[in-house]
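As written, the chain order gives the labels A, B, C, D and E, with residue 1 at the start of each chain.
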Amino acid sequence: MTDSIQTTKNLQKPIKGRSLWIDAIGRLRKRKLAMICFGIILFYVFIACYVQVAEWTGSSWPTNWDESTGQKYESPNAQNIFGTDIFGYSILRKVLYGTKISLQVAFFASILSILIGVPMGAAAGYFGGFIDDVIVWIYSTLSSIPYILLILAFALVLKDKTPFGFKLAGATTVYLAIGLTSWVGICRLIRGEILKRKESEYVLAARAMGCSGGRIIFKHLLPNTFHIVIITFSLRFMSFIHAEVILSFLGLGEKDKPSWGAMIDSARLDLPKGYWWEMTAATLAILIISLALNIFGDALRDCLDPKLRTD
Amino acid sequence: RSGGIPENEVVIYSAIGSKIDSLDPGNIGDTSSSSVASQIFECLYDYHYLKRPYQVIPQLAEGLPSVSEDGKVYTIRIKQGIYFTDDPCFEGQRRELTAADFIYSWKRLANIKYLSRNWWVFDGKIDGLDDFREYTKSCKSMDEVDYSRPVQGLQALDKYTLQITLTKPWPQILYLLAHLPTAPVAKEAIDYYGKSIINHPIGTGPFVLDKWNRGSYIEMVRNKCFHDEFYPSEGQPEDLENGYLADAGKKLPFADRLFFMLIQEDPPMWFLFLQGKLDASGIPKDNFQQAIQEGQTLSRELAEKGITLKTFRNPSTYWIGFNMEDPLLGSNKPLRQAIACCIDKKRYIDLFTNNRAEVADGFIPPLMKSYDPDIKEKGFGFDIERGKKLVEQAKQLNQGSLPVLTLAMPSTDVVARQYGQFYKKSFKEIGLELEVDYMDWPTYLGKMHQKDFQMFQSGWVADYPDAENFLQLFYGKNVSPGPNNFNYVDPEFDKLYERASAMLDTPERTQLYRQAEAMIIEECPAVFLLHGVAFTLHHSWVENYKPNTFQYGLSKFRRIDVEKRKAYRYK
Amino acid sequence: MLSYIIRRLLYTIPIVFGVMLVTFLLFNVVRGDITDQIAGKAASAETRAEIQEAYGLDKPLFFDFKQSPFTKAFWNSQFVNHLFSAATFDFGSSYKDRELIWDKIKRGAGPSLALTVPMLIGTVVISISLSLVVAYFRGRWMDYILVLISIVGMSLPFLSFILFGQYFLAFKWGLFPVYFWPDLSVWQYTALPILIGIAAGIGGNLRFYRTVMLDELRNDYVRTAYAKGLSSRQVLFKHVLKNAMIPIITQVVLAIPFLFLGSLLLERFFGIPGLGYLMIDAIGSRDYKIINAMVYISAILFVVFNLITDICYAWVDPRVKFD
Amino acid sequence: MTDTHHTLLSIRNLSTHFYTEQGLVKAVQDVSFDIPAGRTLAVVGESGCGKSVTALSVMRLIPWPPGKIVAGQILFEGEPLLDASENRMREIRGNDIAMIFQEPMTSLNPVFTVGNQIVEAVKLHQKKSGDEARAIAVEVMRKVGIADPQRRVDEYPHQMSGGMRQRVMIAMALCCDPKLLIADEPTTALDVTIQAQILELLRDLQKKRNMSIMLITHDLGVVAENADDVVVMYASRIAETATAQQLFEKPLHPYTKGLLKSLPRLGEKKERLDVIGGNVPSPLNFPAGCKFHPRCPIGCNDKRCQTDEPPLKEMVAGHCVACWYAGQDIEKSKDALKHNE
Amino acid sequence: MPSNIMSETKKHLVEVKDLKTHFPIKAGVLSRTVGHVKAVDGVSFTIEAGKTLGLVGESGCGKTTVGRTLIRLIPPTAGAFTFEGEDIFVASTGRMKAIRRDIQMMFQDPYGSLNPRMTVETIVGEALGVHRISTGNKRRDRVVDLLKKVGLSPEHLNRYPHEFSGGQRQRIGIARALALDPKFIICDEPVSALDVSIQSQIINLMQDLQSQLNLTYLFIAHDLAVVEHISDWVAVMYLGRIVEYASREELYANPKHPYTRALLSAIPEPDPTRRKPRILLAGEVPSPSNPPSGCPFHPRCPLAEEQCRHQIQALLPKGDSDQHVAACWKVK
């Protein structure tokens, strides 16, 4: 190709190619607020892990949340920064300890529900026909059964089972049960999105190229529905923190250990009496992580949208 | 006023805390339903409104029953001129109450197809009634049962005379004849309404049902056919100065219309009371601080509003029970006693009841005549050291360490969880480990029936002011699925119980009761925690508000100063 | 399309069957039976037996396989009876209070809907409008503030909305009645709970719709619409909204079947005699018949609204095809 | 542009930049030209040289982020558009200035029928009732050569062929009788008969309504047949402006010359098409001096071309060019260069 | 189809026989089918390996649809497509994947056919991954190479489609189609948005590739000059049918069908001084859902007669060569 186009003279080394994700992460790094939020999330995760480790090693702090550090219902003071509860336990310790259960349940349950819901929804939407029928059948059935009943059933079935030598107990049952029952919403949303996009030209182009159905779904369609996944994740996350307590209620999960949901639930009896601090502390704990998660999620969403990229 | 209520009517607004399932007296099993249905139905006997200790007085009966020598035959005269309220089922006729109505109503309780929850009232007590029950088993359905079949122990000697023959002496029957399930219903009504009888309560009481919006409210109006009944003219000495006798001898009821509002949550109930929409209210736990000062008197703020506080004891006892058939607990008395020592009842009462309770050492509540003032010495008080020692003994007895104990908790809500935490902590103090199993009520009931538990949290509110009602809980023949959930069997106790329960109220019987109680405390099938004390508030416009824990049909005594209420509401 | 609709409607049969089978299994395997509940605290064994017989609880759960399928006994199982009662819409009466279940549903549906329908409409309309505004102002203070408010709103427990609303708006300031009262009209006593429901629901919805809108906002057709001289309002509320309709429809239409179940907490706190508590109560007290009826109705509603969603997909977005 | 026609649109020193991750993309730099009323101005140039961005700048539809008009002025009938309020812009868009976008496929809203989208514009600017607007829509669709417009108005964009969508875009732009029509490659997807028909229609409208057209195209045939004036852009700047006559007769800029040479012509038997050697410079990385110099037979050897940006000079009346050696014969210039050395 | 075309003894790489693609027209709430758009209604042609067939015609006459149907993006209503002797329309899904390596398509809508969330590198390089040809750095080198070939620079590797100008997007599409070194490329207006100099580069590139790799093109375009330059054979479509088919030289020198003539006369001349006479077509453009009876061109045809209104003529040899066929009653 003699007269074919020669490259620009001052050709630098070709820039390394990057995928959407690497790109997005690179861009995220540049956003200060998002990184702060990410730091907060990490901090929460760190506390949760710390509690878990403390529990394994039998370390006393903060597993000693059930030691009275004052009188009942002490308002916030120097010794008990967030005050004490009905038994005189330090609310700060309870909040810290509760991080483990709440985060564990919320994280794993949301991830599980997304891992199930997204591929199911995508398959239903993309392939249609029989696959769609079956998936629609499954989720219609699941949605029609009262949630409490369903979750209870799942939890009871899972309780104390040992699949693959791994004992399902405590919070594990809770997040499995929540995760296995709550994928329906995201499944429907993704199905709708896929239905809308599957006839677009770029999907035709991918098909013409010889891409398989799975590849089209995962490489072409799902990246275009990430915004839905991200927002669902952050919305679910928060509702699961609140929902965790329902299962504990039904006598499953971590029974007498504090989680934020359980704290809010018991604090609601104290609130009308004027003991606002337990409610406040737990709500704040939730508020901060959800702010962080949402802002981070928004940033991630923006970074995953090439049309919004700027400097 | 709007809502179609005539301007000049006197209306009482009360709150009920749980849904009313039924207004059919034969099937009523809970206090909410009883307090509503008691405005419509009346029994042969009732408790005196003012007198204390509680005293049984005739209601539909002419007087107290005449009892035969052997204590088995009761003859009761029924007041004449008492009519069921007018209803289409009577086809325009006035329907007078007769002795036959009682017999019919009680046979109906016995009818197994009716599936009453109140058969325990007469179970095994009345001559021939159990045979009637046996007969109904062979019937295909409720309607097929032939009520004309005679029952030996239930005879109408004439239109107004009822004769009851018991299988054995049973003085407590008097109290049960004041118990709502024994209230008479009319056969015509039952036949006429069939299945929908639950919506058509037809009784002889001061009020009749006007509107029943299930899940919302019940509205009643004055019964036009109500017989003459008058406000009592005697009571306790202090009642006069408290103004309870101002209306002495006046015809009842004073109100024209009753509203029972279903309010399941405390905050709205409290707000409605403060707004003057409800005339009286309990004190929600949440608002206790606001209402009651130190020293258990009403706060200034409320007192200035003209609100009055009334406190009264409940015939109730709450405990942690042990399943005596449990291989560990049943055979390890020191362990049971140790547990009894580890619970700080004062603190429990302080944390969970706002001090609206008294520490229980035995099971007989202080309001009963047979309450033992010296019980404190006999019982197991809070004593960690003693508890620890007992645990050591228990370990020896068990030849080794003690396993984790489990407690069945009949609720899964927050409060139950707090109880659970409290118990766990208490057990830990003396080196025991506790697992609390939270479950819903039906599951709990099932476990009780199947004896499938180790420990349980429970309590008992006496049906009548006789300690026998508590004693029977430990009677060997009453083990699960009967009321003896401890599955406590002690031949000696049983003998004592059998003797005492057939006796009339004498000092000797009181002695026996106390002896029985001491036996139980020593054997320790349960840790007794507390006896309830109730606090209620009412507004200044409610007159004649004297609390009464055994009597339910109280609305007829209340008088409302409508003008005062109006003034308060519009302030 | 017509055949598609018919085919989908025929799904009702397997779905309803599946739902009923699952609930039946759940209930019988997981929850145990109701006898204790009916019998009361001191019931004798014979009463319990009688109760079982009266309610058909003594029959086999499923087919009696020892019988031949041609005899009546084979079919006379609890499950078949439940299916039959559902098929004939004759749900019988509640175990607990012996009231006809239809009566309960008829009575409770009105108040429940009076509460939830305005709540849904309010939440959806407000949060969609706000989300468009927010999406338009993306990255400016207006966006940040609304996002912050909605996240705070989401983090607060629902109960605090109720307690706060009831205390301040109703009790303290007297703007609304505190509770249901017989002389109040429906809209009077539902106003505050509706408001509270909307306030509590907006946060999450707003966040969701904002994301959906943002995704559409950068498409070329938006530029075309602006080039035509349309105002932002017209562009957002017509062009962008319709393109964003699929997730919105998914969210909204499928919430409709649940409307009739009411809102538990609001009903309890404001004395609205709806169906919200019926289901929870029934699960708690094991009133299987009520659950059966409610589940059956919601399954049918669910299938129908699922179909409606799919038809709506095709209707709002011509690129979506079903056949 | 010495003309009796008054100037409708005047662009002065327009610069539009995109702030991207990899750096600043100066998509349009220092562009100035005028469009007189009732005339057609063609904009031609290298793909990616900033034609569409210029057009979008006039409409003020540059997406922010990442794009921004950083300098310059746009006067429409003397009114500075860059200072106009958003409300004023709304009145102008669609009504006074209409634009046909380059990508007809994605520029139509996929969920509305094409009729709906045309009717919307008509209703907005002409205050017509629904039926009237629809009748107008059908009429313009017929005019742009869409068969069976009665039925086609109710079709969705994805049901139409590429050319039809493009014609819908054209119809949408024409339906409100704009004073200025910006047509960004309006006929790329059309076959020549339809193209001729559309261009005929545009000329017709121009005559009747004194409409001005800014025609962005690659088809030099279309330019030759339709344009009065031509702007040639290269690497985000103007390389040459002239009347169509002048340009085709005597192109001055070496880029323009190359362009005309590489045109495939009917009946001409060539094994290979002529091309302009070298590569298009990336806007992130423009060469210094004259941006065309790496590909220019003179420029590649000339110091001045490599360091200094040539200004736009008027060579003949109405014919401006940005080249240091404009007007000189290339061979001669080469000789001159040798002399200089 | 006249025997002379089909009965060629030479083996053809591409043989399309009587291809029909109809789209249902739906109406009403229930979307019942009320008719059909006969977008392609009986099209046959063959292409020898290493040759180019130019497909021109009215906008909306079904050219894109022919292309899409051939690679089975739209299900064919009838007909057969034989590629290297294999019937594509009956191939299994697995087989299709392999076949798609050899048949590629350049899409008419450059922007829409690029996934907005993929970088240029992924878009162009994806096919290499799908068909397991190369990975990692090798793949990137290949992508860079392709981009350079189409006149884009390696800096564009990490950019997303919306950041490009129309012409640049089109070139990305071309690079993608070339990535796999296919045997047969369906080019749907590949150069319409390119300026002439780049257009020339691309066309040169395509021709170079053709001569090097023996590629076969189906070249859909509106620019008749380009078609003339690149094609060996040209087919003219009108309303879902081929109305004229001839070798390039024949067709341009000696167009037979009146529509072809009109087309050729309408080509704008890049020289303002030369204006040539033009055959202006009158009348309504017919719609494929409701095609006129007889010859579909008759309502606009200057030569139309009674016979044209009722009967449609098959493609018959006209003029000097039997390789030159047209469907018109009026020309001999």
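The definition used in the following text is that a residue touches a chain if its C-beta (ideal position, glycine included) is under 8 Å from a C-beta of that chain, and two chains touch if they have at least 3 such contacts.
On a predicted model such as this, the values are computed, not experimentally measured, just so you know.
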* **Given chain B and chain C, the chains that contact each of them** => A
* Asked: If you average the Cα atoms of each chain, whose average lands nearest the overall Cα average?
  -> C
* Structure fact -> The pair out of A-B and A-E sharing more C-beta contacts is A-E
* Per the centroid of Cα atoms for each chain, what is the distance between chain B and chain E, given in Å? -> 91
* To do: Provide the C-alpha centroid distance between chain A and chain C, rounded to the nearest whole angstrom.
  => 24
* Once you find the CA centre of chain C and the CA centre of chain E, what distance in Å lies between them? -> 53
* Distance from chain E to chain D - Cα centre to Cα centre, in angstrom -> 27
* To do: Would you give the residues of chain C that are in contact with at least 2 other chains, written as numbers and ranges?
  => 163, 218, 220, 317, 319
* To do: Please list all residues of chain A that touch 2 or more other chains.
  => 3, 5, 7-8, 15, 199-201, 268, 271-272, 305, 307-309
* Asked: Multi-chain contacts in chain B: which residues touch at least two other chains?
  -> 267
* Residue numbers on chain C that touch chain D, as the complex places them -> 218-221, 223-232, 234, 238-239, 242-243, 245, 316-319
* Structure fact -> Seen from chain A, its contact residues with chain E in the complex are 1, 3-5, 7-8, 11, 14-20, 23, 200-202, 204-212, 215, 219-220, 223-224, 226, 304-307, 309
* Asked: Can you name the residues of chain D that touch chain A in the complex?
  -> 19-22, 63, 65-66, 105, 158, 272, 275, 277-279, 281-282, 285, 294
* Structure fact -> Touching chain B in the complex, chain C uses residues 31-32, 34, 36-48, 50-51, 54, 93, 96-99, 104, 107-108, 163, 166-167, 170-171, 178-183, 268-271, 273-274, 277-278, 281, 284-286
* Asked: Considering the complex alone, what residue numbers of chain D touch chain C?
  -> 56, 59, 61, 63, 86-87, 90-95, 98-99, 101, 103, 106-112, 117, 120-121, 124-125, 156, 158-159, 169, 172
